[in-house]
Amino acid sequence: MNEISQQLVNGLALGSVYALIAIGYTMVYGVLRFINFAHGDVFMLGSFAGFYLAPQIAKWFPLPSWGGWVAVMAATMIICAIIGIVIELLAYRPLRNRPKLTVLITAIGVSLLIQYTCQHQAFFGASQKAFPPLLPSGNFSLGGLSFNTTQFVVLGVTLVLLAALTFIVKKTRIGMAMRAVSHNSAAASLMGISNSFIISFTFGLGSALAGAGGILYGMTYTGIEPLMGVSVGLKAFVAAVLGGIGNLPGAALGGLLLGIVETYAGGMSGVSTYRDGIAFAILILILIFKPTGLLGSKQIEKV
Amino acid sequence: MGASLLELENITIRFGGLVAVSDVSLCVSEGELVGLIGPNGAGKTTVFNMITGVYQPTDGKIMFAGKPTTRKKPHVLTKSGMARTFQNIRLFGSMSVFDNVRAATQLHRAHGIRQALWRGRSHHAGEKEVEDRVMELLEVFSLQDFRDEPATSLPYGGQRRLEIVRALATQPKLLLLDEPAAGMNPSEKEELMVLIEFIRKRFGMAILLVEHDMKVVMGICERIAVLEYGIKIAEGTPKEIQSHPKVIEAYLGASGD
Amino acid sequence: MSRILKDPRLLLLIAIVAAVITGLGADQMNLYYRGVIIDIGIAIILAVSLNLINGHTGQFSLGHAGFMSVGAYVAAMITLAAQKSMGAEVLAWMFLPALLVGGLVAALAGLLVGIPSLRLRGDYLAIVTLGFGEIIRVIFQNVEAAGGASGLSGIPRMTGLTWTFILAAIAVYVVGCLVNSTYGRGFIAVHDDEVAASSMGLNPTRYKVTAFVIGAFFAGIAGGLFAHHKTTINPQVFDFMKSFEVVVMVILGGMGRTGGVILAAIILTLAPEFLRAVAEYRMIIYALLIIFLMIARPQGLFHFGRKRKPLTH
């Protein structure tokens, strides 16, 4: 097993997490045209939900086990979906049709509120916590690359969730309604689609994916803390822009690419200390040279 | 008739697969009042946006005052002597009536950033001159009493007039009016057309007027070009246009729906 | 007579004289209060300079702390070097030039950040400026001459009331005079409608970059004052939170209203001091307040009169 291909596996695992979060950014941007700054914090809450749920679930399912892991994942995704819906309901819905920047500032406010509240002793506390093992350890080999169970599962889960999401958006009635709202919310509402319901659903779906990302992140990196959503969230946003904001496959592609680039850069001497700046450098370059992203389509401004 | 000021030579623009304007040629001479008419969606505003540098034509060439406009930004073209209004009014929303016009006097002021910071005599003299010029224009259009009102508080017709004043403040050789009568009732339209004729006489500039209502422009334009589905179907004097079979078909077809 | 009273130069002179007189009495002042008042002066410079970018020109920037850090580091490195090589006597003469150089280097950074702003608007620009701020931070973290992650310490404590408020007065004067002129209406025109502005012969690029350069210059000056006030700086101080604080000042001040922005800078600097009693909940309250105010008073705290059209795009 040479180091370069091992880095690829690590990069794909990190990229999967970015991809899951990036999809939430992209979906919300699609229907509301604004950057949900608090999305990274929902991801963090997902990690902590897993952290606190695991001992409870262990009462019924012994952990680490596959059954227990599925239960933790499912419960976390539901909790995060609810959190996402509640955030939209309380903070963003009163601001519907207000200038985008007002909503952006509010979103940053929500993000700070979640972070500071969670850092408080009464909640999670500021210190780092060790994420419990959810799956039995083991090694796989696939196409000449060796994975440990976690990496394999991270990648597998991401692909399955992406497929499920694509199915929902492309094939179901509610997915069609989502696309309609994204395309033209006024026209959609004239066609009898409830914008409010679709927006709630979008937040729920995106937040559930972020929650899944939180669990997968915890399983991969084991250390979790209340501020981890900031940098991971921002990078996932970069991934969404890289792929073309509003474009689902683009978000997944952007996430995977960013994860791989960061992992390789982290392994290079001389570059590794700049690792946290890479995402932003990519962001700036892509916005200057191809603002629509890799898979986005061009929009013409009406004059 | 003066020398040619604006020339469109076979311009075409495509947005993706859609050909919005195809092979259109048009010429406006100095001091001439030309109308560009056509049903909604015929590509009139797109032609405007190509002339003013908002869009780049995919094919063809535009000459203004003897020079190609290719790849020139809107503000550069304005500097070379054209000014426009917008179909959907685009006044500076947070400014007063006076400031809307003042902001458009940038091209013709003697004082700039250094004078603004030093606040010496030359600054005050410059500001006084700008103020006089703006007030003179506002008076011509009977807007002087609203100088300190927010521009967006003016009635609709007033906002349309203010847009014209703002364009005039750049001292253009060619004034491009994009459906200035949109949303007006027949008597307001009548008044506006009188005003446009007056502008041409008083400031001696060429005017290109876009309008979808044929009747409005008949009375004042010397020459009219008709656009339908991005193609120029006719050009001539108002009389010729009125009896042109293709034009009648386009308009009767449109209104017969 | 009224013309003379309205002359902004006279107001500037009065402000400078007032700053000098206050500075004379500063020695008798309680150190804690003096420190807080200097904080306020620095906050005013930051808020007023960001107001030129965000409020007047409408270029939503979340990177002001980045410019501030450039000024802080450059100025501190100059005075630290001067202290080492030339001794404490020359230091007094080096302070102002050091601040100036810091401001100029920050202005250069502003030029670099201004360039992508030509193609971006609204929340995209916000994210890019945020990214620039973060990149500047990562760079300082890696530059050994800047002390790496632990930053610089032992910076001479040279920021006094007098200089802080003279520079704050100059910042207010410059931004005020700039905007309140025929030239300066261009900033607001670009803010209101870029397409219309360029159709009126204004070069939006030029205005945006000018706003970024001047705004960054004063942020750099504020950074220099900050470094010589706190005496230690590190990359963490100038994170996204710092930029956000300044943005909140501009927004609560009413986007483009100089008086309101100054008032917001004062209140938001004092607020944490008053909340010291509930230090644990301070930031939670802060976050809640922001959300509440955005929902209840998006046009700014001190705006009661005619409605100004809110930011579009």
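So that you can tell them apart, the chains are marked A, B and C in the order they are listed, and the count of residues begins at 1 in each.
We take it that contacts are C-beta pairs under 8 Å (C-beta built on N, C-alpha and C of every residue); 3 or more make two chains touch, one makes a residue touch a chain.
A quick note: this is a predicted structure, and the numbers were derived from the prediction, not measured.
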| item | value |
| --- | --- |
| Number of steps on the shortest touching-chain route linking chain A and chain C | 1 |
| Remotest chain, chain B as reference, centres from CA atoms | A |
| Core chain by centroid distance, with centroids computed from Cα atoms only | C |
| Cα-centroid distance, chain A relative to chain C, in whole angstrom | 34 |
| Centroid spacing, where centroids are CA-atom means, of chain B and chain C in whole angstrom | 41 |
| Whole-Å separation of chain centres (CA-atom averages), chain A against chain B | 48 |
| Junction residues of chain A - those touching two or more other chains | 303 |
| Junction residues of chain B - those touching two or more other chains | 54, 86 |
| Sequence positions of chain C contacting 2 or more other chains | 195, 312 |
| Residues of chain C that touch chain A when the two form their complex | 60, 116, 119-120, 122-124, 126-128, 130-132, 134-135, 138-139, 141-142, 195, 240-241, 244, 247-248, 251, 280-281, 283-284, 286-288, 290-291, 294-295, 298, 310-313 |
| Footprint of chain C on chain A - complex, ascending | 34-35, 91, 94-95, 98-106, 108-110, 112-113, 116-117, 120-121, 230, 234, 237-238, 241, 273-274, 276-277, 279-281, 283-284, 287-288, 291, 301, 303 |
| Of all residues in chain C, those that touch chain B in their complex | 7-9, 174, 177-178, 181-186, 188-189, 191-193, 195-204, 210, 256, 306, 308-309, 312 |
| Contacting residues of chain B [partner chain C, same complex] | 52, 54, 73-75, 78-79, 83-84, 86, 90-95, 99, 102-107, 109, 111-113, 115-117, 119, 123, 126-127, 130, 150, 152, 166-167, 169-170 |
